[in-house]
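Note that the chains are named A, B, C, D, E and F in the order they appear, and that numbering of residues resets to 1 at the start of each chain.
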């Protein structure tokens, strides 16, 4: 509650959002939802409110969620150890089935209900519905003594094609699609796919105005140790350069690569934002300064 | 600018408007625009912003404006004195022509341009367009030595029928109609009509969610001298009672009568609000406390 | 009344119009309405009938009106003298406001009512509605001792862009648009624009089948003194040649230039016709011989 | 050609039709086409023109044609004698087949081509298409020595039900339906039906504005011998009375009965007009005096 | 009845048709209906069932029928001898009128009724309806002592242009069009056209999935005397080669030429099938082996 | 494969299905899919084919699946014992979460993929999507020493309201909805609901032509021990009577009650059929004898 402010001031603040509301009216925004913003109940509630607000002011939000930690937890519960190769989970048939159950039958379901409870009409979608996410096997790249080899780690996939018609049909009928990052292979087998990449491919296929990645970092730094080197805006080429020269490193690399992929496919802008901040979506979309790091074509 | 507040607080304030945005999504609201809110440039700008915001969050605003003072000014300019009978201007042919020119060719035009400049698509409409406002002559009631008589004061009219199809056609094509209170008679003569009544009839014909009357008062008081007796909510019957027992008197009577007429025809709620306050429309529509006096069916 | 004719003969005459009705079914025609046809009550009534007939036999008429003489009269009334530079009225802020009031609030309104009274659904439109006519300042060209200079004469404009969507929306909903030649500038200031040019630009933007200019002349003569030299049909190139060699001169030059502009933008044919003749529109559109001078691409 | 008249007079005559064009815009009119108007080439051409004009001024014409004389001729040609019982042709299987061939394959075809040649899109329709005219056997009533008996005369039918959807589909796609009076029985056998009755049932089913019967008489007389007793307008009740008291007799009885049936089913007005007069349809529909005898509900 | 089979086996057989139902869903197929399949009542009933089934499983069938033998019979009946030049009937005005009556008023009518009786909505169409089949005169080619000359044999036509809009309008409204092979000339005269060619032109104009010619042969043989040389599939080029080298000869030439014409205009495949076999359409469309000879582009 | 039959016989068999295809064209059928038909791979494949065929011949299938055994298996896997009260599983929060994961994330997903692989567009739907299945807690009824009491067994639900709009939206866009029997409570908690009841409520809400319950029995017997007492058709009243007199007993009672509920809500017919038979859906829908026991209103 912000009750200590006069009504007049509140009105003035609401009016400050007007230019952004005008700018984004009728546009599609893809939100990658994950990390702390999904674990913390208070943050979760705020993300839901932000998505609801976006929908009511004329934006078409499309939500893609992750769920790595919950999958790990559940695998433990059934006594299955998670093994990783180059950061990717080795995924046998039983593992991908459990991943699908957790993503589609638990996390997705919960987000859908929270949005419905907040007054919009959300519909959960798996990549298998109407073949939304066509996938193929992704091999892990292993570096060993200077040689690089590819290893088959099972049902880990990458996006081959997005059949976005189901999404546009749902949006046109007034629903907000919430997507679990499960893809379907040529033989109708399931693949677990990194949610950042799924969000990027969907943002690209839908020519989204924005791809918003909710992460557990503030964004990109020139020098991660020195908070004063925070970068609020990058071009595609600058981002590529910073990957090549090692400025962007570690877990930030795949996130930035997903961003670049979205831009290449036709999304207009991507944002790496801090999901740990209250109302981070709203701050990015409806304020002049925004938050996090944006990457744009040029 | 309200730059002294943290982004976080601003976000929280915007989120406070969300329940009202949800509630009024897809509804029609008729705004009677007049008085100081039309004379003061700063207030004018805020009214325009409020209407724009309403449009962007899914409300269909319909604007009806007045213009008495400007008509008086212009009549002076052309050397014509204004004569009044029981508060109504005696309106010969030349006077109604000038009223129409001022209302339709000046005030209406200006509001349309301000809204267009703010990013929505406004279209000026006269009551003569597609016979939107069918009118008949209104006689002035004169009380003299206890007797009551009716006097013909010329082209002063009252609403006979609203042909709202033009409005729904414009709204469906995405326009915001701005209406000058000129009616058209059976022989296609023009009538000058009180804008409050026009707004009320249109709100009724369109089964509006709200009729919002921007006035130069704070609303209705039980005792006008004692500001502590302000009434924020009335039922139709209570309002009628207060007219009959004289609590509501003077210039407030026709305003309240217009409100009751709108309710009777099918509007859901009416609000007498203080146009002298910044963002008064926004405060009424998007905050819990609202402002001014509301009248509802029961 | 033409009651001395047998019904049979009348039927035969009506049938003579059939080939033209077939030819123009579903086409748009822009009518520049002005001059004597607007001043004389009997002629006015006939123009209204002709437009109504056009509408009923499947043509989409769009009316653009002028109003120079009425503006001059009204300026006199408020004690303002009209000054002209190179035939253009010097137009300060007060003047353009009065021009807008006269055009939009009086003349437009009257034409709309006459059409509505005759059984069609007319809607008055200003160039400011939904930014229909985007305008920029037009400088007067002054020739003095062989030198040519440009003079700022205030709010006199020329068309920069026609946003014809409002017109097509109105036509599709079944309305006949009646347009006042007021344009809106980059800063939302008003401009008074020559109605012939407005009609030409609109005819061009709408790819009209015909632009019909109602004038106070019979059309173009090779030798104005010799009525036998009347020209009923010209190509674009012939018309240009006749301007260059001085055959077309004086007030006829801007009219012919407007015609050529309409053709260049995509109108199919333009007609300079004599508005002083009864039913001149009908004679042009529905008879084999037509009236006036037509100009076509080639 | 009516070239001896000035253009001005012609224009005035065309304008005289305007009130009727307005009145009938968007209405359906069913025309029973038969008799001399179908045999005489000049008259035929005029009927076609009248129907074309009706279509172009916004009326939806539906044509039903007869063809008794042509059937008789063709039967003769194939050496089959026509036998009649109480005025109805005894119709064995071979006869109804020939009737269908003549009506559907010859007369219908010709009318369709004439209309298409005149610039509208006509489509020939048999009562069997999409089961448009569901029929049942009609027995001939024979009066003999004061007793009345019913005789089976074969494939002579009466209308059981009109499935007008095919007609409304064709009209909505812009076609003019031309209907042969063949009905289809419960076992999909063909029936020859009196065209007046078919037209009446179709006019009723479509709630037509007018049913126009082109006949070889001027209309109804109070005393057929005395031309001064011509009746231009009758109510339903008056017409019934005149059948009962014998004023209406002979071949006029079934025509008037068809008219009454159309009114009963929902047509607004019916007209018995003289097809031998040039442009009789046009005279009835677009002039104040009309021609022939009209019958209306009251 | 095939009652000796278990339900299980029947179900399995129905399921065998599923891949073909999927493949042809939403496609248009043009059926040339003629020969024995039209003369034999049992076969006729099966063709009707096959067309009905096609319609119900999502195919849009368009039927074109012939009628040569019936025309010959009827000409005899009216005492008119049929004369032929190079296999084409000499067709004077009386002959073409009778052809039209037989085709349009008898054969077409009967097929329409059979289809309607079987539960679909068929509508009979002549090439004159909405100018569906624009035709021109076709001259007979006469070979005499090594010289080739062209002879005018009257109202025998060839297709100049198909105006398929009437067909797509009918199909979209849910009707099955049944077409009589009558064309309309430049002066609206009728032409009798070979039904194979009409079917081919319509299949081409509609970019049909299949043109199915029901004939009285099994298809194409390499050596007509040796049944073992039956050809089930040909390319366009192979078919042309076989005409040139004389393998395809006699009455098969025009059929194959019609097939090639359809392919050239845009039909995907054509089939010459044996209408004397029960359910030949169904066998071709819904079984893997098909029947008859198919010709495809390559 | 049924290759020993002649093509002719096969065609005749397919044609036998035609009357049923006609009858059910455009109708909605709800299929409760469960039991052996879901466990046996060969049967599963046949059910998928049957549903695909239904879709292609114009029926709108809606699939509701169960999954009790799989839930039990999975609970075992995570070391949770299943406890039952009066045949209902005691369902704590963890249990309902696992039920949802198994139903929504595993079984539903698999059926969707099988249908997509067979060429239709299936979309998985949970009762939480767009609040499709509003549920409330269902108490277990316990009978103990002649007294009846209700016991709270956790998140076991019953249907409160079906919001079928999501289903009609999906069907209209061409999708086949596959529904997991999870309901959403007033506080957005999940409930596991018996799939038979969910199917019945959905069949009722959609006014389905048929509700088809795939079971592991042949249907209803008058005397379960005597196979000759099989009942192929029952009225609603007869079924009620047989429950009351004990003829219908045990596990058949809830199935029959679900059937009666569907009829009461507006489904036209319900069928209890033997999912262990190959192509049982096809046999019921497309053959004259059908299979299983049908219950109809009267």
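Rule of thumb we're sticking to: a contact is a pair of C-beta atoms (placed from the backbone, for glycine too) under 8 Å apart; a residue touches a chain by one contact, two chains touch by 3 or more.
Keep in mind the model is a prediction, meaning the values are calculated, not measured.
Enquirer: Could you tell me which chains make contact with chain C and chain D both?
Expert: Correct list: empty, since no chain touches both.
Enquirer: Need the graph distance between chain C and chain F over the touch network, please.
Expert: 3
Enquirer: I need the rotation angle between the copies chain B and chain E from a CA superposition, between 0 and 180°, in steps of 5.
Expert: Resulting rotation angle: about 180 degrees.
Enquirer: Give, as an integer number of Å, the spacing between the C-alpha centres of chain E and chain D.
Expert: Centres of chain D and chain E (C-alpha means) sit 36 Å apart.
Enquirer: Rounded to the nearest whole Å, what is the centre-to-centre distance of chain B and chain D, using the mean of the C-alpha atoms as each centre?
Expert: 57
Enquirer: Roughly how many whole angstrom separate the Cα centroids of chain E and chain F?
Expert: 46
Enquirer: What parts of chain F, by residue number, touch at least two of the other chains?
Expert: none
Enquirer: In graph terms, with chains as vertices and touches as edges, which category applies: line, ring, star, complete, or other?
Expert: Here the contact pattern is a ring, one closed loop where every chain has two partners.
Enquirer: Within the complex, which stretch of chain D touches chain C?
Expert: 1-2, 5, 7-18, 21-22, 25, 46, 49-50, 52-53, 56-58, 119, 277-279, 282-283, 286-287, 289, 291
Enquirer: In their shared complex, at which residues does chain B touch chain C?
Expert: 77-78, 97, 100-106, 109, 112-114, 116-117, 121-126, 128-131, 166, 169, 173, 175, 182, 184, 188, 190
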